[in-house]
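Notes follow once the structure below has been shown.
By written order: A, B, C and D. Residues from 1 in each chain.
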Amino acid sequence: MLEQLSFMTSVATVAGIYAVLALGLNIHWGETGLLNFGHVAFFAVGAYTTAILTIPSPTATQAYSFGFGLPVVVGIVGGCIAAGLVAVLLGIPTLQLDEEYLAIVSIGLAEILRHVMMNENWLTGGVAGLYGIDRPLRGVIPPEAYDFFYLGLVVLAVGLCYAYSRRLKQSPFGRVLRSIRDDEEASIALGKHTFRYRMQAFVVGGVMAGLAGALWAHYATALTPTAFGANITFLTWVGLIVGGSGNSKGAILGAGLIIAFREATRYLPDLYGLGDIIPTLRLILVGALVIVTIRYRPDGLLPERDISYAEYCKRVEYGGE
Amino acid sequence: MVNGDKQVDRRTFLQTTAVAGGAFSVAGCMGGGGSDTAVLGMLQPFTGEVAWVGESSEVAMNIAVDQINEAGGMNGTDIEIVTEDTETNQQTAISALRKLTDSDGASAILGPTSFTLPAVMDIAQESQVPIISPTAGTSVLDDRGGNYIFRTSASDSLGGKAMARIARDNGYEEIAVMYVDNQGGRSFGQTVIEGFEALGGTITTEVALTPGKSSYRSELTEAFQDEPEFVSLTAGTQTGQIILDQWDEQGLGGVWGLSNDMQTDSFAADVGAPLEDSYAIGPLPGGEKYDEFAAEYESRAGESPQPFTPEAYDAAMLAALAAEAAESNSGSDLAGEIPAVSKDGETVTSFQAGADALDNGTEIDYDGASGPVDITSQGNIRSSFAVFQSTGSEWEQVGEIAADSLDF
Amino acid sequence: MSDDGLLEVRDLNKYFGGVTAVDGFDMTVERNSITGLIGPNGAGKTTVFRTISGFHDPDGGKVVFDGEEITGKPVYEIVEAGITRTFQEARTFPEMTVFENLLVGKTGHRGEKLLPTTAGPKAYAEDERAAVEHADQLLGYMELAEKRDQRADRLAVGERKLLEIARALMTNPDLILLDEPMAGLPSDLTTDIVDYIERIREERDQTFLIVEHDMDTIMNICDSITVMEAGQTIASGTPEEVRNDERVVEAYLGEESA
Amino acid sequence: MAFDPQFLLNGVIVGSTIALAAIGLTLIFGILDFINFAHGEYLTLGAYAALVANVALGLPFVVAAVVAIPITVALALALDRVVFYPLRREGAGALSLLITSFGLSIILRNAVEMVWSSDPRRFDVGGAEAMAIAGVRITAVQIAIVVVSLVLMIAIHLLLTRTTLGVTMRATASNRSLALSSGVNTERIVTWTWVIGAGLTAIAGVLIGLNTVVRPSMGFGLLLVMFAAVILGGIGDPYGAMLGGLSIGIAQEVSVAFISASYKPAVAFTIMVVLLLWKPEGLRGADT
């Protein structure tokens, strides 16, 4: 059973990382209505930045040219900042577009970025990637407890992002984001500088995805471009839609469920012995889950909740706490 | 989104999902590594463009495991194979590896390919389960292997140098280099370039290809713009065949030097006459042992062995023999024995013979279907290569490049 | 034209590609008036409307509001200067409650900036209290209090119109631009809206500019009407004056026979 | 070194097939108002339908190619009925449809792989050898591909301009605020959109398979390129899609002469992004 626990821990860690990604996407889509289909770009930037900041400088045989050997904390913060900067750069051209355009352009930009990762060896190690990425407090935590420690770290990150999402959601800022999601022109008519809001939301969600990337980098200890395909964006979307967009709890639940579903289907072969078709069947099941959820539970498992008048009055009464 | 009347309420949906998830988990606990069998994990791509790698190496591994189980199993325990799909994706590979090591309790992992091996090696090391890859040629492993990471296929850095030698030894001074731009392709292609330049030749063009495209005509135009007489190509069979077909169609001339992936008779036959006189490198045929393996493979799969299948067979054999030598099926115990059973001792070619010799306290040297399989302390094999030339329908061995001649 | 008009539009021009939509348009909106802007289809009313509210940049001319030139300024600056518009089809925020719809209208709210939001609710508690009180008061005023927790997309059409006007009032405007406020409404609701507009003007000292296609609808509510055709002002004055203006009659007759 | 016109020719061949498939995508995008991620799979299905007819049943290639069209169309219509129609009926948003289509794309792609494996397959047509014409190499098959694509594009032009159906489709597709809300017999237009869209895409799949190989990922691999073509041409504009498809095909192939070929897939997106920055309404510009 201990072995199972260990496997569960790694599944939970991955699920937690996806939960952070989904929380970021929830700020984009769920709160602001930004049809971002290039979420993996922020994830990748966060991961590569922290990797480059923390790995030792390269030896002669290695393809990359930069490695700063900085502490992991610096790396993670750096990863978040870099993801935020990329959000600004991507946002300038894309956030003025209609939503469908944004969807396709963001996929395109994420693809361009992946090709840069594959080709610019000096920066990313190219297809060979970056290896030997340090893990926080590796020498301090006993090895047998390390996985649990790291899971704790990821849970902490989920908690932080959740708390921040909640704070945004309940704030007047979040209210403006929702108004933009519902009807941008009407929001403009009320004097909201909507581009600025869209950009700020884009950056906040991007930073969260960057954090997820940084956590992934230190969990996986190695990065290759194969880890940053469009399927990550898609899986995050599925998690958010299944869980319920516009609801942070839903984002976390959805990410957890979708990863659990993906990993649980690994046990299919043991059940029925379907042999060769099992791997493809697993993917077909994931596809079917998506279609079924959208059809029968379109608002997700935990739909967005309205904030009532009474809640507003109460919050104002207690001085905002 | 509109809430239609078809809404399933949340509780029902959650319950259904939970029940389904629970059923999977329970099944998992029942299915995975019970104590009465030992588990060898197989981590390979089973979906997508390189699904053939997983499928064919599973056949090879089954041959090995059946033979081992017939001979009484690994330390008297029957071996069960658990396969996991990497989807050629780092994230999936890590999850899959964790499942094999943690949930299934695998003694050793066979696989994966160059795409994902570098991404999982640290994790295998941490879990103290050895990885023996029959399929990862990437030069990243040259100085990262050993300890828990081994491979039964030659490094691309050797293969690339061997390719450079073939071109040089046959009198070509200017060559073009094409390779698919992935982990395996690039490290091979780059060593061809470095090797050929070290031997005093000139590279006219270097073309990195994206695998899985439908047309490579422009890449071919680019590669052949200076009319090189010899072009080195590193690619899988699928991309390779498209490129060669389009090269033939375009009538571009020259001869090819093909990487080991394409050194199969079915490939030579499919491309046919245009390939005549082109070269390929490959492992030295393992003689009788290989023929025996090939016959068995053919009877199971209905085709001649795919590339890397003898290596997969040998990887399984090595794992089992190392377990015998360590007298333990635990990954951390057997890992240290993997280089030891591969060289310096009484030559054995089957599990039965090896297990018997080890019982008598004799050191063994396993020679397998893919050749002598001598694993260095860095986890690599240092093998000689065979040079093949196409007759227009099959590969014919025309020479050999000794391992010692590749130190440049 | 008097000089103390709240809004002065002078020689406004706007082209789309090669087409001239507005061609030297002039108008004045007096303080505390209800002014109508009418004209047949395609006269350029909507373009004028969108240009004044900042949704279009003019190609020439100027717009002066309360003595300050606001020509070509972005919408958020125009709202800040004191002009807020509504939409013909009553665009509320459908997935938000009535109360939240109103709260969004609050301008200059510290809590709408990212930093105070990050710092936590205490950093903007004052502004939020003011917003809640303001919204509460408007809810009562517009008789929407019962619907405050209703999502806007569940409201009836008339209620949505009222909500939109209330939301505009949240920005504390000096001038409210109404885009065909009576369009698509049954006649009893039209009367309701008219009553509200007149009440608001009197009780809250508000100025309105109403763009309308149909002349009859706004004859009895406006103090002053400007009529435009083909991008130009063809008449302006009291409803009585305008109704008897030859060019106006011609313009509207032309449309009917077309 | 002089620029080799061969690159340009290769681009025209690739581009004309992308253009065909992109017409279908843009019509569906414009009329059904959602981004269909499963569009690439229709292309794959078309190619496999022809493959089965040609190789397994031994029909002549041309017959097989023609047979593939109704099969793909029937599949697309059936999928629309089962998967998309219920959502449309309930008034689901564009995103629901989009996500659903992504799920459908995974299912179809893997189903194809399950049935036919991931091995590349070829049509049973005579071996082609390139002829040198005016300094460029081209095969008879490739000439046929370009000719068929051109003929189909002209046919589509006639359909869109000379028939009531076509005119209605074009109007609906280009004016997205009108789309499906204006009350015309919309389900009939939807049906015809699928018929034309899936039909063209099936032919594109057959032609691409003919030019190279048939494999499960062929359509999905081209999906983003088709998106780029659609965006480049302006959403809902079939002529724009043709122009966009051709431009992207040419740009991709020509780029090999100047930059590393491994950047080739990024070329389409770079063009798209740059164009959107410069001219957000697409190559042909807005009609207003």
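Details
Rule of thumb we're sticking to: contacts are C-beta pairs under 8 Å (C-beta built on N, C-alpha and C of every residue); 3 or more make two chains touch, one makes a residue touch a chain.
This structure is a prediction, so every number in the text was calculated from the model and none was measured.
The minimum number of touch steps separating subunit A from subunit D is 1. Greatest Cα centroid separation from subunit C: this falls to B. Counted by C-beta pairs in contact, the busier of A-B and B-D is A-B.
Centroids built from CA atoms put subunit B at 33 Å from subunit A.
Our note on geometry: subunit C versus subunit D, Cα centroid distance of 46 Å, whole angstroms.
Centres computed as Cα averages put subunit B at a distance of 71 Å from subunit C.
Between the Cα centres of subunit B and subunit D there is a gap of 36 Å.
Subunit C has no residue in contact with two or more other chains. Along subunit A, residues 118-119, 280, 283, 295, 298 each make contact with two or more other chains.
For subunit B, the set of residues touching two or more other chains reads 1-2, 4, 6, 47, 51, 181, 208.
Because contacts link the chains in a way that matches no line, ring, star or complete pattern, their graph is best described as other.
In summary, the structure contains touching chain pairs A-B, A-C, A-D, B-D. The part of subunit D that touches subunit A in the complex is made up of residues 29, 35, 83, 86-87, 90, 92, 94-96, 98-100, 102-107, 110-111, 113-114, 224, 227-228, 230-231, 235, 260, 262-263, 265-266, 268-270, 272-273, 276-277, 280.
Residues of subunit A that touch subunit B in their complex: 1, 3-4, 6-7, 10-11, 14, 61, 118-119, 126-129, 131-132, 143, 146, 216, 220-224, 226-227, 229, 231-232, 257, 260-271, 276, 278-280, 282-283, 295-299, 301-302. Of all the residues in subunit A, the ones that touch subunit C in their complex are 164, 167-168, 170-176, 178-179, 181-183, 185-193, 200, 204, 246, 304, 306-309, 312-313, 315-316, 319-321. Subunit D meets subunit B in the complex at residues 1, 4, 6-7, 10-11, 13-14, 86, 90-93, 95-96, 110, 113, 117-120, 128-130, 132, 137, 139, 208, 211-213, 215, 217-218, 221-222, 252-254, 256-257, 260-262, 264-265.
Of all the residues in subunit A, the ones that touch subunit D in their complex are 29, 35, 93, 96-97, 100-101, 103-105, 107-109, 111-112, 115-116, 118-119, 234, 237-238, 241, 277, 280-281, 283-284, 286-291, 294-295, 298.
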